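Chain nomenclature is as follows: A, B, C and D, assigned in order of appearance, with residue numbering initiated at 1 for each chain independently.
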Amino acid sequence: MKADNKRMLVGRERKPADTVVRVNGIAIGEGTFTVMAGPCAVESLEQTLETARRVKKAGAHLLRGGAFKPRTSPYSFQGLGSKGLEILTRAKKETGLAIVTEVMSAEDVPMVALVADILQIGARNMQNFNLLDACGRQSKPVLLKRGLMSTIEELLLSAEYILSRGNPHVILCERGVRTFEKYTRNTLDLSIVPVVKKLSHLPIIVDPSHAAGIRDYVPALSRASVAVGADGLLVEVHPRPERAKCDGSQSLTPDGFDRLMKTLRPIARAVGKKLR
Amino acid sequence: MKADNKRMLVGRERKPADTVVRVNGIAIGEGTFTVMAGPCAVESLEQTLETARRVKKAGAHLLRGGAFKPRTSPYSFQGLGSKGLEILTRAKKETGLAIVTEVMSAEDVPMVALVADILQIGARNMQNFNLLDACGRQSKPVLLKRGLMSTIEELLLSAEYILSRGNPHVILCERGVRTFEKYTRNTLDLSIVPVVKKLSHLPIIVDPSHAAGIRDYVPALSRASVAVGADGLLVEVHPRPERAKCDGSQSLTPDGFDRLMKTLRPIARAVGKKLR
Amino acid sequence: MKADNKRMLVGRERKPADTVVRVNGIAIGEGTFTVMAGPCAVESLEQTLETARRVKKAGAHLLRGGAFKPRTSPYSFQGLGSKGLEILTRAKKETGLAIVTEVMSAEDVPMVALVADILQIGARNMQNFNLLDACGRQSKPVLLKRGLMSTIEELLLSAEYILSRGNPHVILCERGVRTFEKYTRNTLDLSIVPVVKKLSHLPIIVDPSHAAGIRDYVPALSRASVAVGADGLLVEVHPRPERAKCDGSQSLTPDGFDRLMKTLRPIARAVGKKLR
Amino acid sequence: MKADNKRMLVGRERKPADTVVRVNGIAIGEGTFTVMAGPCAVESLEQTLETARRVKKAGAHLLRGGAFKPRTSPYSFQGLGSKGLEILTRAKKETGLAIVTEVMSAEDVPMVALVADILQIGARNMQNFNLLDACGRQSKPVLLKRGLMSTIEELLLSAEYILSRGNPHVILCERGVRTFEKYTRNTLDLSIVPVVKKLSHLPIIVDPSHAAGIRDYVPALSRASVAVGADGLLVEVHPRPERAKCDGSQSLTPDGFDRLMKTLRPIARAVGKKLR
């Protein structure tokens, strides 16, 4: 079955009205622009709390942060695991921010779902069909990142796995695709936003941090994401990027994030999106 | 020599101030957002005049239109040639709009430069070094489109050919790169805008029509182009796209272009760009 | 850590001698050319037995066939699961051919390892780190397929996950990467063979069936695989490709496989490889 | 018109019999394997003569060497121009080897055609339609290289330009396409050989030097090119690669070329191709 098939659960033809994913008083996809910010990896209680307080103050709606980290090399930092989940729980209690965090395998879904308000499926797991299945058989919303090498059709078919198992609360996420260009880590494909809006009722957000790989390009790409019609942003913020255990070069500082948020609001107004 | 070498003429380090390309009272790159609109190919006097009047009224600053068309197949419409140039001259006389039109080979440069206010070098000719050389040895501004397969570094090195031959009036243009994605004709790489702004002083505009290949996606990508910091837009408009001899599926109608221009202005204001 | 780091377990510098993977009396990587053939998916006992007998007779060394099938769409045939494993067991008992079959998730490893002589990790799971980990903590050899858009470095780092967990018996497999070309399903990257031979001691085989996606191109690509220095071939054979539940268009018939094997032997001799 | 259209001059349907390009007593495409070898650029009489003698002795059929060099940077060595053509003429007189050399623009065609036995159109000029036109309107055979990011369809349509202008003597050449992989300069797409053999009657050869970008990988890829069914090879040889003005890292030494030729012959025999 093709992704533009009329019988697809993810398709506009089957369900014309936009899907709105509600979590912790936030409505993702309902004419709002939702910002999820935080560190690539949860490294310590202090780092996480400091980031959470700062991004909340600047206007972020959710805290992102990885406890389980999929890493290309077996020798890279793999995340704090369940201890990372405890830290996220503390950060939520303190700040009231809902939590989005990655789950890497089907067997971890119940544990991560206890803590996360939104379960993130990473780009490298977009076609981990057992994981899609497990996320489809529970009720927490799922943030599904597009694979580095995946077509829009494949992304929608992976979302279809989740919906067909019973969970309609899926948010898509563009994070850049792999091309020959070398000045950026990946090539952010913002065309996906109008394409998905036409084909599907699911909300879609953009992660400019992983796409750019370089902090300096994140603000311009974030502004473009608002203007192109995305429903939100997933952005990396770290209090001391130079010491980050993961992806420091693409993380904004809290001050940089403050400045970014101020420039997003007038664009959101210009395109008719609410961003408090 | 690498594109980020300090001795490069196109580089920020050698010339920190933004280059402003002045043509017909328009200043491209000086905190303005310049819109170049018109048909893919000049097909007739009527089609060209009708389009020119409509895009002028909607706020376009230049008229685009091809007299010489590079086509993948030898059996496709190859443009009206010198007759097309005459039509463009008429359209300029009537509307006052400056003309941007493509030149395909070194020997045609003098003829096209008689009519064009800006000489366009197409994506497939970005590394036609004899053509770059010829455009560098005359004084009309040059719009240099990124090749479908070209890195940002290669684009800047092709611009360097022109500057090193004596012509500093170069405008870069992103028009999408080739990837595995099939829902759009090419993948618009908006990351190029902040990257070029960092590396170079040259203005850069965006062609969302060729990138998308589908009319419906052009408005969203145009809005993203303003927000990401581009200096302008190159957009296809045809009075009857369904009868266009070239690229009809990606051309806006004049009414669609009217609506687009209205949505661009508030975004331009939000990012501090002038767009009358 | 980079894939060419001297401390890498997969690296030539750390272990200069070629790794030879021994299974069922076959030595993969020891100057031999090993052919693994069979259907994409195990569909029935009859189909599997018929294929097994035919490929054995033609000279294949192992039987390939999927019981668990990773499929892009949730509505495609997902394989017979544990019943498929029983059929493979029967086919092995009858023909004596060792079995290579895919495992899709960490929790299935023990069950699949009971039947398989070689555990296959599919292209879409090349960076499913939990699965790599589980395959590294058991003793059956692992056939690790390169992801559709994975670099050689990433493939070697995924192999490093398995070796670093204690299992040195890894065979790499090239199966085509994703490019802009549309006449073939993927682009077979045979350059990987000399590159891997230089960087690593691990054996590497080629899957021309998934790369080509079209039966007609499989024989020429198989011959090139022998000549380029690969250690073997993974090739799809189905008795009635037009009725196959999966990938029929790229499957050879048993007669086609007979003819292919005959053309491989003189090339194997020409490059000094044993192929009985 | 699509490249698989029945009315295409390049198509098998219109002309079922293989095209054989005859030059200087050599028949390219007639069950033979033709080797064109020499330096990337003609640098001096000594370098060119030395290379010509050595590659002739080793069995090469034509001498390749660039007098006009298309270079990404305006500051790189651009070739000796007409002086380079004189050197090639001398080398031909001394060794009897036919000459294949690049022509970069339509206006240079008559001058280059005086010296060259085969006119080469480089990858970056594959869609320089004025150049295709000019090469189609003269009678010397044309070696048309596939663009770095051109589809097989586009390559065939560029060949169609030449045939439709009256010149049927076209040889296609695969030289690697641009992908995300970084261990090789480009990714050699050997699948093009069986695809072209099915769609077209034109001969096709392979340039493994530009694809690999690294000398060490050239022999294995050359052997694969014979086995996959190509009609010949275009390979870079330089007497002192470490001092080459262009592409030294991918050039074989004359000794390396000797060794390569010896390994090609048994494979040619194995696939039924003549290689003296």
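Throughout what follows, a residue touches a chain if its C-beta (ideal position, glycine included) is under 8 Å from a C-beta of that chain, and two chains touch if they have at least 3 such contacts.
Keep in mind it's a predicted model, so treat the numbers as computed, not measured.
J.: What is the minimum number of touch steps required to go from chain B to chain D?
T.: The fewest steps needed to get from chain B to chain D is 1.
J.: Cα centroid separation between chain A and chain B, in whole Å?
T.: Centre separation, chain A to chain B: 34 Å.
J.: At what distance in angstrom does the C-alpha mean of chain D lie from that of chain A?
T.: Whole-Å distance between the two chain centres: 48.
J.: Which chain A residues sit where two or more other chains touch them?
T.: Residues 149, 178-180 of chain A each touch two or more of the other chains.
J.: Counting only chain pairs that touch, give me the topology of the graph as line, ring, star, complete or other.
T.: Topology of touching chains reads as complete, every chain touching all others.
J.: Okay, in this complex, where on chain C does chain B touch?
T.: Per the stated touch rule, the residues are 149, 178-180.
J.: Which residues, counting only chain C, touch chain D once they are in their complex?
T.: So the residues of chain C touching chain D come out as 149, 151-153, 177, 179-184, 187-191, 193-195, 197-198, 211-212, 216-217, 219-221, 223-229, 263, 266-267, 269-271.
J.: Which residues of chain C touch chain A in the complex?
T.: Its residues touching chain A are 1, 70-76, 104-107, 124-125, 127-130, 147-150, 154, 157-158, 160-161, 164-165, 178.
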